[in-house]
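Read the structure below first, then the notes.
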Amino acid sequence: MTRHELRALLEQVQSGAATPEAAHEHILQFLRQAPFENLGFARIDHHRRARQGFPEVIFGSGKTPEQIAAIADRIVSAGHNLLVTRTDATAYGAVTALIPNAEFHPIARVITHSVATPDPGRGTVLIAAAGTADLPVAEEAAICCEAMGNTTDRLYDVGVAGLHRLLAEHARLTAARIVIVVAGMEGALPSVVGGLVDVPVIAVPTSVGYGASFNGLAALLGMLNSCASGVSVVNIDNGFGAAAIASSINHLA
Amino acid sequence: MTRHELRALLEQVQSGAATPEAAHEHILQFLRQAPFENLGFARIDHHRRARQGFPEVIFGSGKTPEQIAAIADRIVSAGHNLLVTRTDATAYGAVTALIPNAEFHPIARVITHSVATPDPGRGTVLIAAAGTADLPVAEEAAICCEAMGNTTDRLYDVGVAGLHRLLAEHARLTAARIVIVVAGMEGALPSVVGGLVDVPVIAVPTSVGYGASFNGLAALLGMLNSCASGVSVVNIDNGFGAAAIASSINHLA
Amino acid sequence: MTRHELRALLEQVQSGAATPEAAHEHILQFLRQAPFENLGFARIDHHRRARQGFPEVIFGSGKTPEQIAAIADRIVSAGHNLLVTRTDATAYGAVTALIPNAEFHPIARVITHSVATPDPGRGTVLIAAAGTADLPVAEEAAICCEAMGNTTDRLYDVGVAGLHRLLAEHARLTAARIVIVVAGMEGALPSVVGGLVDVPVIAVPTSVGYGASFNGLAALLGMLNSCASGVSVVNIDNGFGAAAIASSINHLA
Amino acid sequence: MTRHELRALLEQVQSGAATPEAAHEHILQFLRQAPFENLGFARIDHHRRARQGFPEVIFGSGKTPEQIAAIADRIVSAGHNLLVTRTDATAYGAVTALIPNAEFHPIARVITHSVATPDPGRGTVLIAAAGTADLPVAEEAAICCEAMGNTTDRLYDVGVAGLHRLLAEHARLTAARIVIVVAGMEGALPSVVGGLVDVPVIAVPTSVGYGASFNGLAALLGMLNSCASGVSVVNIDNGFGAAAIASSINHLA
Amino acid sequence: MTRHELRALLEQVQSGAATPEAAHEHILQFLRQAPFENLGFARIDHHRRARQGFPEVIFGSGKTPEQIAAIADRIVSAGHNLLVTRTDATAYGAVTALIPNAEFHPIARVITHSVATPDPGRGTVLIAAAGTADLPVAEEAAICCEAMGNTTDRLYDVGVAGLHRLLAEHARLTAARIVIVVAGMEGALPSVVGGLVDVPVIAVPTSVGYGASFNGLAALLGMLNSCASGVSVVNIDNGFGAAAIASSINHLA
Amino acid sequence: MTRHELRALLEQVQSGAATPEAAHEHILQFLRQAPFENLGFARIDHHRRARQGFPEVIFGSGKTPEQIAAIADRIVSAGHNLLVTRTDATAYGAVTALIPNAEFHPIARVITHSVATPDPGRGTVLIAAAGTADLPVAEEAAICCEAMGNTTDRLYDVGVAGLHRLLAEHARLTAARIVIVVAGMEGALPSVVGGLVDVPVIAVPTSVGYGASFNGLAALLGMLNSCASGVSVVNIDNGFGAAAIASSINHLA
Amino acid sequence: MTRHELRALLEQVQSGAATPEAAHEHILQFLRQAPFENLGFARIDHHRRARQGFPEVIFGSGKTPEQIAAIADRIVSAGHNLLVTRTDATAYGAVTALIPNAEFHPIARVITHSVATPDPGRGTVLIAAAGTADLPVAEEAAICCEAMGNTTDRLYDVGVAGLHRLLAEHARLTAARIVIVVAGMEGALPSVVGGLVDVPVIAVPTSVGYGASFNGLAALLGMLNSCASGVSVVNIDNGFGAAAIASSINHLA
Amino acid sequence: MTRHELRALLEQVQSGAATPEAAHEHILQFLRQAPFENLGFARIDHHRRARQGFPEVIFGSGKTPEQIAAIADRIVSAGHNLLVTRTDATAYGAVTALIPNAEFHPIARVITHSVATPDPGRGTVLIAAAGTADLPVAEEAAICCEAMGNTTDRLYDVGVAGLHRLLAEHARLTAARIVIVVAGMEGALPSVVGGLVDVPVIAVPTSVGYGASFNGLAALLGMLNSCASGVSVVNIDNGFGAAAIASSINHLA
């Protein structure tokens, strides 16, 4: 139950659309659920959706397939949607043993499973990627945005060395409510996009590039130093992080 | 004329609140203004407000007082509000010779001058700062937010080593539409704030700290690696950048 | 024979609980043992327990299984407890060929074998870990603490993004005599724990995280810059080092 | 009121040394004090002594003399001892205007003022410094240790290039309960000291050295990689931090 | 005498425009000049013009005004044009004491004095600068280009955040034979320019920017990782270096 | 159609060598081709040859064999020459399924296929390599130069530690119009070459070396700091980038 | 023929021990040998022994087994001793196909083959290593020293955490003419050794250590900042480099 | 009394040139001197000359003029020669108050005072410097070499961009017993020198250069990665360190 759901429920009581008894029971049911569940190796934060609008997300890297599956099972059992990032086919196998209908997105390296319809976002999140090699990160951002209830638009291979490819899509850029820009190498795309739109731009550096990209450091520094205002930055290759921010903005009342 | 102003004008025509002739003249007047003005050492972007919602901002660092004053004069003459960041009393002297009523904010190192009322933002931007030494950056963010039409709330010296100081202000945190978190040293405050709210958090690392803070690098890396989702990051000590992003989010329709 | 054992022996002589002859013989036996033993590729420090309270520990990384087994054999033959860190199943195989009852702890990547009961520590060492991916390092710290005679308590997956998980365990935190805090990503957990307790906090950065964690550098810098006092830091992923310090503190008279 | 004081008070009640009424009043008086006091630019943590054993310490760097004096005044007014680090003669002037008897330690750049006798530590903290240029940091550590109630011993200019200078003081080394080792350049002294004692060693890198010391980075990395166990590390030039940890260890029950 | 001059002379002999005797004397005169002149603190390379097309240039940084003046005097005495970079008014004073007509360019921090007309370059070198704060470096490049015989064109304050300012000058960009692009912050301008022209682009990172520009490192890495082909890079703030390369290209037969 | 081809065509019309009708049709045919072609994962820039003199080049790293083959097929279908860099035998297999006559250069890791004769460059590009381990990068540069229409000369294993090997080839050095210098370790070769020639030198650092080469960082910094003028630098191991710049210079009118 | 051999030969002529005719022939034979031999991928420097006292050494890393074998064959055919570093069993196989008696040293990863007795060094080179994991680098240094004609002594596992292991070998330390010190982690051993001896100390950092050793960077910086005078440093893991310097010193007349 | 002096004394006794009584008294006199003298802020190592061949040297940086003068006074009083590095005119004033005849070398920033003739070195130490801006470091090396009893030769401004300046001095290079090479920027000079001589080369990087020299880091890395064997490296700007190593080599028996 998010704070928006709570307010809606109380308004239903006010308007007579819900009885106080039903609302009381509904709130109690939420409160009965322990705020977190301790599996020993993990404490699942069952109130995260109430506190932050989306259930706990499993960061797959560094966890065994068994740990991922066990946590996934507890999240779904608690009636929450499932989102696992930085994962692979082996972990997917372990998850489907417990949650047969879970979906795997191989380019994005993401597992999803929908139990309930997420709150819809208010506008479109556009995901722009500079090059083909940036697709895994861009797709992670896109899939996560969609899992969190946002409509997305994808604009791939529009790097600044061939500016006409980007300018040709000016209409799609300005139609977006939030733009996620994914780029490796020098990471210049967010600066150019940031100069063309008046909505928030979230920049995601990727580890794509020759030696002196230093695994994404060059793109990261480029984005942090963007001369365009309105550009904020997340960690290298962190498509999920960009999606979480975009979704948070897109769900503002 | 921002795109919101253009739409409002057309709606006035539709509703009869404005005549087609008046609207025609108004739009022409905007189009007659050159998109930028070349001073030789600077090209002032007079269409930035139309394109991005706020007029060009002068980044004072590396410019002479005379250059700052000349650019400021052209911006104000074009009917735009003035905002100069990273500046000082000397530049302020040069500006006031041309724009007598300009204001100087010494802690924030910012010059402002208001010609027209900016579009109001929809909610409150809360600026939280971890320590007293972070105030110059926090104030830069706050003054810039206000200059861009946003209501602000300030919450200073709430670093994580004394968590009760932050938790005591939980209500102000959750009342904000966007939170800017300013911190030096290890930069942990955005992670804690990010876990408490469901709105976007913009993290600003500062150059405050002992030797191994490496002039803000430690805080920057800390914020980029935040385990809380919903946290995006700007450059070290870049209070203005955080304000621009916050304002962009706060002005979304 | 540690200095505490020497003092105890002399007190026994004073009180008549031991004869001077027996004590004399006991001390001689220790002195007859060469201070170190040269295997060519290694010089085993047999007086380390006397000098530092715990026998030489084998750092497995970069040694062949044969070298590890040979050194282990000499340590156990000298009557000392065995502790091998950063090791694996292959080296364990070589060790058990010589020391059949040695134990392997796969998550912690540690081999232990107890020949004598170590001096007991005075209080509990709490090991807190921010996330599930930090467990190998946390377990290395915990197993090493136990091998050195300390009682331990484990508190895992209590990262700062869900602060209630940590605050719910406040009692266990304050019951500890020393707290080891293991965290990757931004490494903020030691700062928060350091603000809640009045006992020494030993921070262990881990190499867990997205790209700009730079294999633990972000967490390391975060911990070194902690705004909480009472926090000291060891090398990245160095669970053993934290255990050695904690044990040293826990054995202070 | 620290937790040790609380326990002592309750034991006095048990033994009849204090009446329940007096104890009740004493505890209430503490609870009446607000946990922190908001000066706008600073929130003074008046419960820090209760929570962590020593009152809030003012980190002078980045604060104006007026801010320092105002905070100092509130701390002393609350009946707590004063400790200001990273400060200078100007701030001292501002402080003495309000607190005439405050003391300034120019080499250590520290201001102190004692209102009440701090809890005494259990043993001696030895501060060893590698070279004469490390004295400001060593003195900061020593003065802070003393302000926190610890007995200190100073051993200066005992760098590893002339090992006999250190070995000649072996008795003082082994007499200490905790050793703080301050060194710049390659920072090797903690490794050598760590091999000679069985008590905790806290290493403080300093920014002293030729170009490739990179302002203390070389010493910091050297200490983090110490081959001696029992060595933990604090930030570059952070004498206060080392003192806080040493004092925390030295006050363990 | 450059190699082009030597060939021209021999062709004059072939065509009868010069006598063998005159040519012989001319060549001898050159050969009589020592290849370098040793002032003790400096060895002036008098054959550099023969070998590389332009006389030795004095890098002023780290030299005393007296050393600069002495070297300048020897260069001019040998009949070569003078170019001093990274210098200031004090050194200019010392130089004019010996070479009264030398010129000082304060923004570029360059001293020039022309003794002979340099070989003219074949086309125009365009110097583009992203922002006003980049002017000192851009001017160093421009003045040096001109001193080496090149026609220049200046295009300042055309950073990528306001792309229309650059696109409005498309004709000047494509008219250039070589483009020098000077930019700080994220250094994205060379990538955009590189995608618009088919001539060589020489990128000069500047040390302009907020904290995480790390004094030009961000721009340097951005330019090295440019996704546009045809972009090569010189040192941070090295306007002279860019000019030398541009001139070398512009003088190719 | 490059801009040089366009001018040539118009001159043919002027001279009567071409009819206006044929020229008209030729230009229309070019304009009918879309400026880029969207494959979803890639947007192929079909006007790059017109804009920059050489068709789009495929950077193989991070693309699947199928993606490479699909893009290659579209480029060749559009009548352009094929150049794939950073590729391998697997991708070559996928390409030859569609373009049977494509060639693979295993040392250079490059695939080429010639559809039309490229514009010939004006002089020779010399590729000098410091050591045998630098050959893959040197060969990438050489093959790419040739694919772009340049005559090349190769001078391998002429590092500065045996200077006579380089000096023995002085004639070949001075015969070149552009010199590409490839070196790892300390990267000193470009400085020495830069002092011997008066043509542009393009320096390519390689990732060859012992530990403190930091994967080419040492060579990169060495080259950026070259005391020889006329040296510009590209990314670590970026032989293609050097070739593109050299070809751009070599095709200047 | 080294310069010492040349002088000896001339002295033999002077003393009548050699006829002018024989000496003449001997010198001619040397001069007839080309100074280097070009294999295309490598230029073998056959005069290196004359110029620097030892024939060209093959750095195996980055060369194919076939390239190594071909170069080795040419060196041996020219009558020089063979030394290949950073190599492996596969390359050894290729070498023995051409040079059946070549020897492989697996720990040191070195191939040697002696054709002629090298000039003997004047004293002993002591190789000290801090830990067992440093042996590959220490052995590379030792084998190379021996191949260059030096007597060696090995002192392994004498790290500073157990100082008595080193002090027990004081006599061997002071008997050496040059000391090579190999250490990873904090790299403190050279400072301690440098304070005990009055002969040159050559420090070799190794890549051994936990995370913040950053692959030998910590040890490298530690050694460069050594407070002991008389310590110079070579690249990380560069045992060969240390041997070459030691041998050069040990062969000084 | 160095170990060479001790041996000489014993040989005099053997030969009858000294009586046992006189020798006995001489040795006792040395032993009566305390090995070090504790001034509180410094422990002067009076046996350093016996142990390492040269008395303790005062590193002036970070010491007050009074501390320098006090230490200098004790060294001279003990009959040792004085050498203070990294000092200035103020400290020189304090020293001359106590030691009137002390000499100041302003370029080298060194104070010397000779009480006894140092042991003469066996050959010449050549100090080569790449550029004029490297002179302070080169002079520090030269003055220190001379103070330690070595004959020196200076070869300044012979950087690799004008190779003929170096090659013209080939005879002086080969006449040296040890070569110290001082260079900033890319630090390539030691590699070239190392390929020309067969004696030890000690490389000193300087902090001279444009932005990406990073205060000497580029030169340091360049020298550590030198492809020439026989090159070892000291800290950035550490002329004294190079002198100490050169002198140690030059005094080998």
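Read from first to last, the chains carry the letters A, B, C, D, E, F, G and H; within each, the first residue is number 1.
We adopt the following convention: a residue touches a chain if its C-beta (ideal position, glycine included) is under 8 Å from a C-beta of that chain, and two chains touch if they have at least 3 such contacts.
Just so we're clear, the structure is a prediction, and the values are computed from it rather than from any experiment.
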| item | value |
| --- | --- |
| Interface residue overlap between copies chain A and chain E, same or different (over half shared) | same |
| Listed pair (C-D, A-E or A-F) duplicating the A-C contact set, over half by residue number | A-F |
| Chain B-chain D separation of Cα centroids, rounded to whole Å | 40 |
| Whole-Å separation of chain centres (CA-atom averages), chain G against chain H | 26 |
| Centre distance in Å when chain B and chain H are each reduced to the mean of their C-alpha atoms | 56 |
| Interface hub residues of chain C, defined as touching at least two other chains | 131, 162, 195-196, 209-210, 212-213, 217, 220, 224-225, 229, 235, 241 |
| Chain-chain contacts as defined at top | A-B, A-C, A-E, A-F, B-C, B-D, B-E, C-D, C-G, D-G, D-H, E-F, E-H, F-G, F-H, G-H |
| Chain C contact footprint on chain D (complex, rising order) | 2-3, 51-54, 57, 123, 177, 195-200, 202, 220, 224-225, 229-235, 240-242, 244-245, 248-249, 251-252 |
| Of chain F, residues touching chain A in the complex | 35-36, 38, 40-43, 45, 47-48, 56, 59, 61-63, 67, 205, 207, 215-217, 220, 235-238, 241 |
| Chain G-touching residues of chain F, taken from the complex the two chains share | 131-133, 135, 156-158, 162, 164-165, 168, 208-213 |
| Interfacial residue positions of chain A with respect to chain E in the complex | 130-131, 159-163, 185-188, 191-192, 194-196, 209-210, 212-214, 217-219, 221-229 |
